[in-house]
Amino acid sequence: MWPDLAGRLVDGGHRLPIRVYFEDTDFSGIVYHGAYVRFIERGRSDFLRLAGVLHADLAAGGYGEALTFAVRALQMEFLRPARIDDLLVVVTRLEAVSGARVVLHQQIEKAGEIVVDARVTVAVLNGAGQPRRLPALARSRMLAVSTPPSGEPA
Amino acid sequence: MWPDLAGRLVDGGHRLPIRVYFEDTDFSGIVYHGAYVRFIERGRSDFLRLAGVLHADLAAGGYGEALTFAVRALQMEFLRPARIDDLLVVVTRLEAVSGARVVLHQQIEKAGEIVVDARVTVAVLNGAGQPRRLPALARSRMLAVSTPPSGEPA
Amino acid sequence: MWPDLAGRLVDGGHRLPIRVYFEDTDFSGIVYHGAYVRFIERGRSDFLRLAGVLHADLAAGGYGEALTFAVRALQMEFLRPARIDDLLVVVTRLEAVSGARVVLHQQIEKAGEIVVDARVTVAVLNGAGQPRRLPALARSRMLAVSTPPSGEPA
Amino acid sequence: MWPDLAGRLVDGGHRLPIRVYFEDTDFSGIVYHGAYVRFIERGRSDFLRLAGVLHADLAAGGYGEALTFAVRALQMEFLRPARIDDLLVVVTRLEAVSGARVVLHQQIEKAGEIVVDARVTVAVLNGAGQPRRLPALARSRMLAVSTPPSGEPA
């Protein structure tokens, strides 16, 4: 059904197609590295959306206290350039989920080749910025749409 | 056919659905006004894409000299707020096209209500930043997918 | 005293120097038009800062209810290009201030020439997004550092 | 001398003060993690600027072929939140420089505490996106303003 913006849950992961626009490029002619940080955040948001975990619900207290996700750590390798008008795909996979942290492996593909490889650690914070346990319901929803992450902590 | 990212040409205009992500919001809790400037640029790019006019072709000299579009003037009214996870639609209509300039009327809708109303004047520049005539082929491609703009100059 | 980031109140207006970085450019080789929207917002914020009106104070209820500024209308003309490493100056002048709205005239200069000319209308919103009167103290602080705007409403 | 935007070379490293504006925050109320990616890029650009290595010169062929820096790898830890109006300092230190790659250690401080810790690997590309050796003059200029990086390759 159109509009169809949230990507697809496939093979235990999530695929989000993204178009490169003017705003994503820089004067060197290729995509600005900071744009990929935004792209993989969109991938995580839509992975969560299709799993049934919405930022707006978390912030509105739908899981108890008002909560937001916050990125704790980011590791990225920029392997190939992308350019204006390119069609990219952000692939997101749950790598580990514990009581307090979620680790995701994310790759950005272009015509089947890997442009960016990333690993992102996310935590849950309350409105005062204090770390909170990932709500059990949010956790089970993420796991339900994922290939069981290896070495998954209890 | 999926991915289906470039929107639709309908009723002599163009409609592009856009999702609001973290990157688009600010600490006041709503969408940052500068994000809408990026959203309408995506709308113009995809209007051109479906009309058959690609930034990459222009830049590669596909219309003669290497060319890019540059925004000359921007008028925007911000009428309602939008928030994280919202689904917006950018509506783009050709308002006037002359030898050197293109004027577009753009609106951003949310659930049928107008969030932003904008009028954008775009010019064509060569690689040295000098104004150039809009290539006739690009112009006819834009007109072919548009309701005849009122008072269209020759 | 260093760091000296907030610009200068001079001649009844405000001047904020800004450097062009990678993030501000696009593949056409010049500054992305959306970057200027961010630049003039920085100018307005630092004009307010030197006038003694802080976003953080407004949001924390320092003027009564929690308040934020929201942009209502934006008119911009893009007159000349700017490039990576360029040093720009955002000039901000109060043009009109009423009970509910503030209008600012802003220009971006490069080596004494005008790159962008803008007029911005700003309103005050409470936490629920409802319009509120500009607090009298904030208004008087803005006027105290400005050349009396012509046709200033009561 | 004002404007004084490029920071300071001190203690074998570089310090760049940065103000947090609206554009840098998100609806969770704190600075968006992607904004820090832009902040440390500004730090690297101004470290290079004060070392005498300008992006514009590189791109114009001032070191032979037209060259740009490209980020190859990024490791970031987000340790504390920052908020609107905060004054941050980006500290940049050269960690290793070889013929083809530059590794920088960067930290973002707020009131003396570390908000972000980052390690960035940068390479040099020509206009076709091919890797090139770092020009010897650029390399020696970077080393001249740096504490000798440990284990510096020849």
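The chains carry the letters A, B, C and D, assigned in the order they are written, with residues numbered from 1 in each.
The rule is short, and it goes like this: a residue touches a chain if its C-beta (ideal position, glycine included) is under 8 Å from a C-beta of that chain, and two chains touch if they have at least 3 such contacts.
Predicted, not measured: the structure shown is a model, and the values here were computed from it.
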item	value
Path length in the contact graph (chain A to chain D, fewest steps)	1
Longest centre-to-centre distance from chain A, chain (CA-based)	C
Same-site or different-site touching of chain A by its copy chain B, using the half cut	same
Copies chain A and chain C - rotation angle from C-alpha fit, nearest 5 degrees	180
Whole-Å gap between the CA centroids of chain A and chain C	34
Separation of chain C from chain D, taking each centre as the mean of its C-alpha atoms, in whole Å	27
Distance from the mean Cα position of chain C to that of chain B, given in whole angstrom	26
For chain D, residues that touch 2 or more chains besides their own	22-23, 27-30, 34, 38, 41, 59, 83-84
Residues of chain C defined as touching chain D within the complex	2-6, 8, 17-19, 21-23, 38, 41-42, 45-46, 49, 54-56, 59, 83-85, 87, 89
Sites on chain A touched by chain D in the complex	27-30, 33-34, 37-38, 41, 59, 68, 70-78, 81, 125, 127, 129
Residues of chain D touching chain B in the complex	22-23, 25-30, 32, 34, 83-84
